[in-house]
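After this come two complexes, each holding subunit A, first together with subunit B and then together with subunit C.
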Partner chain A sequence: MTTVEHVQPGHETAEITAPDAGPVRRRGRRRGLASTIVWYLLLLVLAAVVLYPLVWLFFATLKPSSEFGRNSGLLPWAPTLDNYARVWDGIAGIPLWRYALNSLIVASLAVVGTLGSSALAGYAFARVAFKGSGIFFAAMIGTLLLPFHVIIIPQYIIFNQLDLLDTYVPLLIGKFLGTEAFFVFLMVQFIRNIPRELDEAARIDGAGHLRIFWSIIVPLLRPALVTGGIFSFIWTWNDFLGPLIYLTSPENYTLPIALRLYNDATSTSDYGATVAASLLSLIPVLLFFLIFQRMLIRGVATQGLKG
Partner chain B sequence: MKRFKIAMAAVASAALLLAGCGGEPEGPSSDFDPNAPVTLDLAFWGNDTRAGFYKNAIAKFNEKYPNITVNSTFLPFPEFWEKRQIEAAGRDLPDVMQFDYAYLRQYSQNKLLLDLKPYLGKYIKTDGFAESTLGIGVVNGVTTALPIGTNAWAMFTNTALISKSGAGAYTGGTSWDEYATWMGSVTKAGGGSVWGGTDPTGRIQNFEISLRANGKNLFDDAGAPQFTKADLADFWGKGAQVRGTGATIPTKRLLEVAPKSGFGAGLTTSELTWDNFGAGYAGDLGAAASGLALTAPPVTKAGAKDLYLKPSMLHAIAANSEHPEASALLVDFLVNSQEAGAVFGTNRGLPASSTHLAGVKLDPLSQKILDYETSIKERLGQAPPVPVVGYGSIEEKFRQLGEELGLGTVTVEQAVDQFFSEMDTILKK
Partner chain C sequence: MVTVPTSAGTPTARGSGRTTDRRAAAAPHAQQPLEPGRRTSGGAAAAARRETIAGYGFLAPWLVGFFGLTVGPMAVSLYLAFTRYDIFTPPEWVGFGNFVRMFTDDPVFLRSAKVTLEYVLIGTPVKLAAALAIALLLNSITRGSGFFRSAFYTPSLIGASVSVAIVWRAMFAGDGPVDSSLQVLGIELGGWVGDVDLAIPMMIILVVWQFGAPMVIFLAGLKQVPTELYEAAQVDGAGPVHRFWKVTVPMLSPVIFFNLLLETIHAFQVFGSAFIISNGSGAPGGQLNFITIYMYKRGFADMQMGYAAAIAWIVLVVVAIIAAIMFRTARSWVYYAGDNR
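Here is the complex of A and B:
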């Protein structure tokens, strides 16, 4: 859900700037400075509207808890850094960086597992003509239609009997086994558009499937891998239900669960610490997104064009 | 998020169906061996502060029973129950759980909780409890939970804000009309920035006490509603009248400050709620609790026993626990011991057990709660039957409809129809 929110601003700016940038530049001289300024002002206003919630969040981290609900404006009445100090101290004697580290470990392993397994599965579906590949492909796509909630309980019982609760195995094993149909499909579509002649040339040179995969396909697959990596990272980083079900010890909690611990409707809620910790937990995703944003949009765009 | 909740509800009901297929709870298998090492799982909901209290309490417990290792886990309230629902399906509930009244019937009827009877008196002391309090955790004749603390429906007033507005104080225990008039006087004096209170007809508890004033409960022992559409239409109709006078805070304003309440945000000077919400309010207001006063809710019928003591929390033991004796000892320590009382104070409600209460050092706010619960003795009646399965959803629907009535998006008749159709669906499950 959050990913969609993250992608949208990118798309919007891309859509707004891309078609307009050309005409503005071409007709720029005719239109003159005034209209350029108007255009930029308009864009600035749009950017401000999109960014305002984030700016509000930043200023909210400086508000004491009692100001929430009373001061809905941007600027705090009595700015304070206490919220950050409390967040730094962590919850139940566990510092915040521990939760962040847990999240980072899970998200990084998820990226590695998802990309590795889905690229291999994608190669098999796109290039290897094995018996029943059509049925398997349909079944794989079918799992996209299966709501996660249907399988929660059977999965929980299985992992419980394997004694794997309170470890990261239940959260990650599926990703290493290529069960994420979305990513497999992404890879399949991408590989299908890579000319078969390249494989055939390699085959003539004596390369087997693994060699073709590693030396020919993987280098060409890079845009899809980047796209998949970003999605996988952001989704796992923000995942709440999985860690909630499988992790029990507070020291194993991931960041999204730790964030909820600041709010307890039945006693007292620390709103200041909640927003401060939320902002801190946004930073890695934001950085990740800013760095790879160009590649992300390009990756999705090429998928759309070729597929 | 809404879709997610519906899905969770579906999962939960499936979970309990599955769980219902399990076997009978086992009785005490053998006596407790003080030398055998035992590991227990303990789950509770709460925040950082409560987690710290549990940690200290367990350390004290281990001084007595060094052979029992307690692994504790905690989550906020909604997540706590999502996780329990899934564990219930796998029959893998934590040995000892902090429990909520609203879920007690559901889990007890599905035989997920240990029958405590064989352990009472032997492992869990009961002399600290009043007979009526012990009866709180009994479902269909089986004791499955012990109350940790009790609370009662009450009215909080913000005396500091009232005197600032220049209006007179509310004394409590007046008629509902007089309460509405008083709210109007504060709103008038507040000049548009402070309101006298929140429309009380948005909370099912206010409806409940008006029913109890006439000798009825929301639901009878068999789980059938004891009120008619006309009763509810009448109740909500009165709310519409009060809203019409402009005495209460507009719902739109309330939604702006959510998740804080109007009272917690310092916009209203009174609110009807459970008497243990004071610490939360003080935190929300960032003000000293001394500015808060606790008084009795308005009276529907003079001399009626409309209020009752409800368990703020209970402790229950899972039927799937492998160490029921050790679990019972832990429960005994957590609900009865002076040591635990000294650690928790009134964090989990005003202690139900007198031995537990003896250990508590009452802070000013807790003293107010104790005084309040003593002051309403005359109005305290017998507690209603343990809430029906799905009571939480019914309560929430009531609140949502109250909100929509406040916004004017439904009429009273429509709201009553919607409430009854939702309630029928939930009760038929």
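Here is the complex of A and C:
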């Protein structure tokens, strides 16, 4: 059936399009305008729904404690900044900035470790022809698909035996050793797109791999490093399970664990402080996204296409 | 001095053939020209050895991580799965005891497995369908798509955070924003968190809300579908629905497959949001007791490390089976255009 139809329109289009082009096109354009308006309306409604929880959170932080449980509307009756003032005083005797500082330290070190280790591994996979590279590349892709469940218990036992609980080492060591395959893969994809002629020119000039990596690849890798760095920062900043398992004393807590403390200890009495702290902890993530959205989205897109 | 680069792909067979061949077979980048031999080095074999040393040098941190933090721990957890272990006394071998107990004597585990599968098998397809539908919508407008793309992507960045979990719990609480809106429509549901039937839908809404990441990948895929295909289909009289199924879906199928695989595996690992929403309990009726939460409670609260490791291996096996089914069926529906990958 399809084959017959294939042949027929081929003949007919030449005849039909010429006389009929006018009405067809006009009808198409009118439908186009109407559907465009519908599309935009749909998208606007969708955007409003998608962003509503964030808008709700923002207004919730401005509600005085007396309104929680009574004012289920979006806007506060008597807006106030009291919640932020109480957040500033902190939880468990520790001010919120201290948790934020912990998070900042962990996330920044994670960025350094992740970028360094994954750029090195990425270069090895993309540019060095060594025995075993195919097998290890497959293994790396395999870890991308590995559920973390099977490794967290033994890792905990190891770090327990090394007496490293309640430090940041268990949270960071994996980053410095490139265990997050997403980032290695990002680097591999990016390096593969850098023209090889550049390497070869340097090689003819007598440069070795270290030299090529450092003077040619790393400068050109900057977009991937920015994208990877921001993802690494945001994911570490949001990470909950790792700090929950490894950090035991409140002064070491990162923000998500501290938020949990707010959530548990004060959910009935001081809900206002909880939402205010929640919003504050999202701000770095949202800021990064506002500034670097193009690069981030491109990074996500390339991931999927070249898989 | 040898300035002509020797292609590693062609066997240079000069006594050194063995090393070169095996290297060429193992390395996917075989076309790479070798470093021109310096006077001191002895030709292809030495160059190949240098490449191998360089390769493992660059790969060293990753290799330490791979064996020390992934493969090693996997082996340990496989061993622990057959033991009883509380971290303070040495592990005690129990054979298949943990697995037998799981499936015959632990209704909480079975409930947890059921809840997790429900969440993964419903949430992931719905999320991807939403992502694809909205990607198509965005692809058909010309102005402002950047704004919408960013707006829709935002939840993917923050969706797993504790902050959003706190918001979600409030949104779906009794007399919260969702409940009061539904009351206006005459639907009285009450709080979703405590409701055995509504807790999973609430979590599915949370994961579908994060449709932005797969949507961005779909959008990039849609941009690569040649417009001639649509024009040709239109000339052949294909309507929008027909074009979607006969052009869009086949052309996007590699991207759909990629998203489906990663999102499914990702969904199995749901933890933080359900943990926060249920105050670390998995909810009284177990409706939020996802497998990761249950494993966490067994391992880190009850110190039943052996049992928790056994649960972890069941998760791995289930994920592997689902992935294998996907790869197996992929042959019949994933279409690689021109094989130009």
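As a working rule, the second predicted complex is superposed on the first by the 236 of 307 C-alpha atoms of A that agree within 3 Å, B and C clash if a C-alpha of one lies under 4 Å from a C-alpha of the other, contacts with A are read in each partner's own complex, and residues count from 1 in each chain.
Here is the rule we use: a contact is a pair of C-beta atoms (placed from the backbone, for glycine too) under 8 Å apart; a residue touches a chain by one contact, two chains touch by 3 or more.
Keep in mind that this is a model prediction, so the values were computed, not measured.
Within the superposed three-chain model, A:Asn160 lies in touch with subunit B and with subunit C [touch as defined at top].
In the superposed pair of complexes, A:His149 makes contact with subunit B and with subunit C alike. Judged by the touch definition given at the top, the superposed model places A:Lys131 against subunit C, while subunit B stays out of reach. Contact with subunit B, but none with subunit C, is seen for A:Pro64 once the two complexes are overlaid on the shared chain.
With both structures placed on the common chain, the touch criterion links A:Ser215 to neither subunit B nor subunit C.
After overlaying the two complexes on the shared chain, residue contacts for A:Ser72 are found with subunit B and with subunit C alike.
When the two complexes are overlaid on their common chain A, residue A:Pro250 makes contact with subunit B while staying clear of subunit C.
Which of subunit B and subunit C touches more residues of subunit A is settled by the count: it is C.
Once the two complexes are overlaid on chain A, the subunit A residues touched by subunit B in the first and by subunit C in the second are 69, 72, 147, 149, 152-153, 156-157, 160, 241, 244-245, 260, 263-264.
Of all residues in subunit B, those touching subunit A in their complex are 7-8, 10-11, 14-15, 18, 41, 45-52, 55, 71, 73-77, 79, 82-83, 86-87, 89-90, 92, 256-260, 264-267, 279-280, 282-287, 347. Subunit A meets subunit B in the complex at residues 64-70, 72, 91-93, 147, 149, 152-153, 156-157, 160, 165, 241, 244-245, 248-250, 257, 260-271. Within the complex, the subunit C residues that touch subunit A are 3, 5, 8, 19, 22-23, 26-30, 32-36, 51-52, 54-66, 68-70, 72-74, 76-78, 80, 87, 134, 137-138, 140-141, 144, 148-155, 157-158, 160-164, 166-168, 170-171, 175-177, 180, 209, 213-214, 216-217, 219-221, 224, 235-237, 254-255, 258-259, 261-262, 265, 268-269, 271-272, 275-276, 279-280, 291-292, 295-296, 299-300, 305, 308-309, 311-313, 315-316, 319, 323, 341.
Contacts from subunit A toward subunit C in the complex involve residues 5-6, 9, 13, 36, 39-40, 42-43, 46-47, 50-54, 56-57, 60, 69, 72, 74, 116-118, 120-121, 123-137, 139-140, 143-158, 160, 173-174, 176-179, 184, 196, 200, 203-204, 208-210, 213, 234, 238, 240-241, 244-245, 255-256, 259-260, 263-264, 274-275, 278-279, 281-282, 285-286, 289, 293, 296-297, 300-307.
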